[in-house]
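One chain, chain A, appears in both complexes that follow, with chain B as partner in the first and chain C in the second.
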Partner chain A sequence: MNTNLKISNVTKIYPGCVANDNVSLEFNSGKIYALLGENGAGKSTLVKILSGVIIPDEGEIYLNKNNLKLNSPLDAKKNDIGMVFQHFNLFETLSVFENLIIDSDEQRESLREKIDSIMKKYNFSIDLDIPVLNLSAGQKQKVEIIRCLIRNPKVLIMDEPTSVLTEQETSELFLSLKKFSEEGILIIYITHKLKEVMQLCDEVAVMRRGKLVSVSEIKNENIESLANKMVGQNLKTIKKKKAKNSSDQLIKITNLNFTSEDPFETNLMDINFSVNRGECLGIAGISGNGQSELFQVLSGEIISDKNCIEFNNNYIGDLNPQERREYLMAFSPEDRLEQAAIPQMKIFENVALNNFKSSNFFNNGLINENKIKEHSKKIISDFNVNTDNIELKSQFLSGGNLQKLIIGRELITSPDLLICFNPTWGLDVGAINYIHETLIKINEQNKSIILISTDTDELLKLSDKISVIHKGKLSKIMNAEEVTSEKLGILMGGAN
Partner chain B sequence: MIKIVKRDQPSRAIFFFTPVLAIFLTLVAGGLIFFILGFKPFEALKFFFIVPIADKYGFSELLLKATPLCLIAIGLSFCFKSNNWNIGAEGQLTFGAIVSGGVALLFYEQEGFYILPIVILAGAIGGMLYASIPAILKTYFNTNEILVSLMLVYVSKLILDYLVVGPWSNPEGFNFPETRQFSDSAKLPLLFEGLRIHAGIFLALAAVVISWFVFYKTYLGFQMKVSGFSLKTAKYAGYKGKKMIILVFLISGACAGLAGVGEITGPIGQLHREISPDYGFTAIIVAFLGRLHPVGIIFASLVVAITYLGAETAQIFMQIPKYTGQVFQGMILFFLLASDYLLFFKFKFIGSKK
Partner chain C sequence: MIIDINFIGLIIASIMASAVPLILASCGELITERSGVLNLGVEGMMIIGAISGFALMTVTGSLIIAIFGAMLAGVLISSIFAFLTQTLITNHVATGLALTIFGIGISAMIGKNFVGIPGKEFPILFESLKDTIPLIGPILFGHSIVFYFAFALPFMTNYFLKKTKIGLIVRAVGDSPVSASNQGIKVRLVRYLCILYGGAMSGLAGAYLSMIYTPQWIENMTGGRGWIALALVVFSTWNPIKILIGAMIFGGLTIIQFHMQAIGVRIPVQFLTALPYIVTIIVLVVISRDSRKIRLSTPSSLGKSFHKDN
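Let's turn to the complex of A and B:
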């Protein structure tokens, strides 16, 4: 049966911001739709309205000509609209099966059969009886998808689903999505990765500042034209000049090991590298191979032997992050909601988390609120965070804008060494360009970067030297010119 | 038709309005209970909430009861704001009282201006020591602070029992379970002739001001706040998360210990079996009713203090057990938690138009 989903004149206004401005859109099953737009354009808001999480101020939703009143996520589920959110909504300590049946009132046995047949049909292989915390990101996402499929949805919405997936997992996801689509499920897909849109989708809708600006067929578009539509202007292509071969060493890691007590963390083995001033060292790898542990060791969240890390002729392995900041290191972690920022606190309070001595945020133990606010305003304007209210709780920033705030907070202090982990995660193409430009500028000012990233294109664009991390071990360090993305791919898979 | 819809963000105004609503609902429900018991609701509520504080003496009693509640709640607010669930303030109060009482007994025949400060300090230290047990067990051995702090309450009460019956009991006291009277130098001065209100109230007021200052104006307060929200973020920022946990327990223990000092060195002037009518537990309600905010806690402590007085008058004039006081305290907490629903949801009146 054909499914037709119609959004008619939907408006959602937040104090100080129109998130959706009179949006009308129509979808038909059999096609995969992409929803594109800059950070804060209102994509998440729109699909949250479709899934009953947010109630619009005005406008109607029609499914096969029936006017839907979606007052809660349950209403959406009852009307066969399923959604997979960007952040997982799973109970880590419960088993996969328990997670799947938690919101269902059918009998356990019949559900089990149903789940088994779904898994068989789409070639998913997940052990239903192990706790969710043992699953990889890709598997967790499959659990979320199965949870939607149990209800035989007519519509499946996915909000930035691939940001946590490996390339392998992404292509598996695409295969499944194409199958769903063939079977008549209407698919709406949000992403910032234009390559994916070209690969997967049939039609694309672009939003800008809450308004729908275009709907078109993919076959009439290419990556440049899409980027153009999103940002509203042509993007310049940026290219890094080759760094002058400096030999002025800034940081050196010697024989660093880390053994974790947590079985779900990766142990680091025999890490050795050094970075010179003005250089960018890229560290590639499939996520979950020790990147986050390496980041924490470098930032001081995990303390190592004093002599393992030499920075600017000081041994700093035993210092905590705050003490390392005194040596002008800055850190931008991957996990913005749980680590880099506190969503319940205001924007300016989050800015104060990165406390460089020179910023004078705290004098004699007292909070210098004016200074922090001044600084926050500067970050917001320099890095285009789309709000002017620094008293806003950061949870109300769109995902990409929170990321801009965090990376801005770290960059604005002009550190000698910036260590960043997936710095452009969830950013739109324009913002990515801006961050990349800034990173290059840092190198030009003779400051250094350690860039841990799962995005190979980004690494090849920005790094002077590249190494690959696999199962907690670093490959030998290569000059970026000698490296191709194929070669990186092989090393990331574990070959020598 | 009325519909319940989710708010886009928790409402700030409602945040301060729900405590008032909770008190109102408590009065209504209380009136209803009195009615079912066969009393005239308004009259009974008058006995409960107005008669006790209608004169100077009553008002002094109100402040006397509000003082320990306020002091303890201020301390607890440090713990609760940083997600540390210390519910053993009653034990910290008792242990603080034991230590300060012990010191006061050492000086029992002496006079001197220096005695009182030592006695007060001893109480604070006692409370801190006792609070450090759940704190250290939590940070270094991953135990649950709720259980540990709660169980320690009973331990402290047994210690107190043992002391006042055994080694510390008054040699001239005909085996009553109480110690000697402290010397006047070890007692908090009374503020007015004939009233029981004593200088302990200044300790409470000082705690209010200091806690406001620390939490909202200092780097230390900021670090406590961050550590409370997320230890992971605290670690990333380079704060010493574990030390922060211990610190908030110490602050809260010190406040409870001081409340204990106030109870024994105030009008009573000796250690005995029942030094506190569960102030340490009731202060948990006070802390939440006051929204963990220093000024809110002042008001909340006054409101809850009335239930203590009201229960006593009601017992005298209406022959109902004084435990009705606890019923009222329970109702306040119940209605507060229930009306917090309004923080996240609102009622929407939908007319007939489609």
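Let's turn to the complex of A and C:
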């Protein structure tokens, strides 16, 4: 039972952007294919076309020589194409079983039996009767996969599936995918993570700016060659010099607790750590284990007990973010468009939002526009933001440029401590490199960083010390050289 | 003073009767909101139902045509809302408010010719059984078909949402229209139907007022009941059974405070009139405090327009 999927001359044009430019590709079952590319390269558009979510302007899709007309997700389902989206397509408030039965024509009992047998076969264990919002990201993904498997798909498309998974969950996923492939399901795996391509896939197609750049077998490639194809230029590798052992303590957190009234937030329990000048403390963990609460407590969005946070010999636990900025702390929150910047406001207006007292952005309550614009231009040129129009609304900046602007805005006051939360989340390789270089530079200037991140590679690259947060508790603080990603993975999963 | 036990039965029955329009309109709006649509036009749809029912009854003389005509009128006026919010993607809140203003205005215009005309008697069921059981008899028997339907509706709505496939689809659409659309569910169609159903129930609630509860046409006769129905949906945290409880408390206090005023209790009238509103909200807030359950039953996409992006 061989499956052959052929994409022929597919083009999709959006106003101002060619998402897919005459793409042709052929896949055969028995192999795992990687579709590799940076953000905005067009890989998500291509798979959305395959799953019927987006209708192409031109081009054909053939499954086993049959021309498919995919006008809706339903058409893709009927033609045995299953897709697990990057952002889960689950109904959070419905139970797992309700999520699965909603698009199935089977009776409750027979569907339950079928799900049980699938879970048994692939070693999944999920309670079918609890609401989806109580599941971990890895479990939610399994629900998505089960949803596809119920229909016995010929093709299974995975769109950046590991962005929310731990190392262990990732390797479990890879085992399952290999099993599916052996059983004759054609697997297309979309990612921008090169390591995963090397680990999992047999063939790789690279896309860049909507065009297909190359198709090759994995055995002929290595991480560097793929990275260069993906970015279209040679990337320099960056490395951090080990920080000199300073003992000059900058910030100290003692017995910090936070109990949330929202049952979907994580409580922080007995957090203790300190960071010295010139150091980067990395905090690893699976998302949803208290990182966002910790960030908010550190930044002053959540006020804590005055004595819990000692910064530069001042007790500042009861100060709000703006007051903390006066003490030379700076913050880069996780969600660039929700928390760090206001999307509908212009670049220079967003810069002005950070109205530290020394800036003279406001005179007697009036906006000093010239001063702000001058300041914004400096940020844009110093931090390599790829635009020269400071009147541009910030929602039109790409993720990478926006992040550079935000970090630039925070750093231009030369703060003593930068607290950042997933600073490279969703960025492409070039932008990630730039942000990493900037963070390393901060440490070299004897300034400190608290880096809360879900990306273990990033943490290992940038941190001097690492701790892991699990269910609101911090593990002991380890020296970065003594830590491996496996060890972090185990701690992130909650084991000791 | 001797209190006849049947008299208490009659008071309870009148409390239930006053709860009927609230239950009908709330249960209809609940389905609309569960699909993610916030229709603030309940008051307008109710008053349209009231005038349509009364007018059709007077003109055709048929109660059946009048009842179904009122529901159809509710469907028609809510279809304006559906077209605007679902096809033209207008803002739910503004469109709903406009619908209410429109409904009140147009009903007053049509109603001009019907002021002062006496209504017809609506048939009541099981009247002979009313005196067979003390207390229970007057409560259970001798009501209109709409009354019985209203008290069954919360349970049917609950069953529909929890046990049926279509109910599941409605909840799914309200939870995440994007996911639903990606699953091949026709989000807009589902929302259209839920809006029209809400319109039909509001129309029926209005017809109950003008044909059964106080059989006559008075301008603006819904008197804010549509807004109470909307509040019941929210404060019951989208739970039909709690709507029933809330509507009974509201109806009960409205009736009791009338009696208290009549007896001449020395409490300011303004306070008595405000009492039903205050107590209903307090009770519903207290019984719905579990934030986990609120999260599970609140339609996450409520009031947000869904725009398919391709």
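In this text, the second predicted complex is superposed on the first by the 337 of 496 C-alpha atoms of A that agree within 3 Å, B and C clash if a C-alpha of one lies under 4 Å from a C-alpha of the other, contacts with A are read in each partner's own complex, and residues count from 1 in each chain.
Here, a residue touches a chain if its C-beta (ideal position, glycine included) is under 8 Å from a C-beta of that chain, and two chains touch if they have at least 3 such contacts.
Bear in mind that the values here come from a model prediction, so they are computed numbers and not experimental data.
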Q) Which partner does A:D103 reach: the first (chain B), the second (chain C), both, or neither? A) second
(Q) Touch test for A:G317: chain B only (first), chain C only (second), both, or neither? (A) neither
(Q) Counting residues of chain A touched by each partner, does chain B or chain C come out ahead? (A) B
(Q) With both complexes overlaid on chain A, does A:I55 touch chain B (first), chain C (second), both or neither? (A) both
Q.
Going by the contact rule set out at the top, does A:G426 touch chain B (first), chain C (second), both, or neither?
A. neither
Q: Identify the overlap between the chain B-contacting and the chain C-contacting residues of chain A.
A: 54-55, 72
Q.
If we count contacts the way the header does, which residues on chain A are in touch with chain B in the complex?
A. 14, 54-55, 71-72, 299-301, 320-325, 331, 333, 338-342, 344-345, 349, 352-355, 362, 365-367, 393, 396
Q) Tell me, which parts of chain B touch chain A in their complex? A) 3, 5-6, 8-9, 217-222, 225-226, 229-230, 232-233, 235-240
Q) Inside the complex, what are the residues of chain A that reach chain C? A) 51, 53-55, 72-74, 77, 85, 88-94, 98, 101-103, 131, 133, 261-264
Q. Hey, which residues of chain C end up touching chain A in the complex?
A. 165, 168-169, 171-172, 175-176, 178-185, 291-292, 295-298, 300, 310
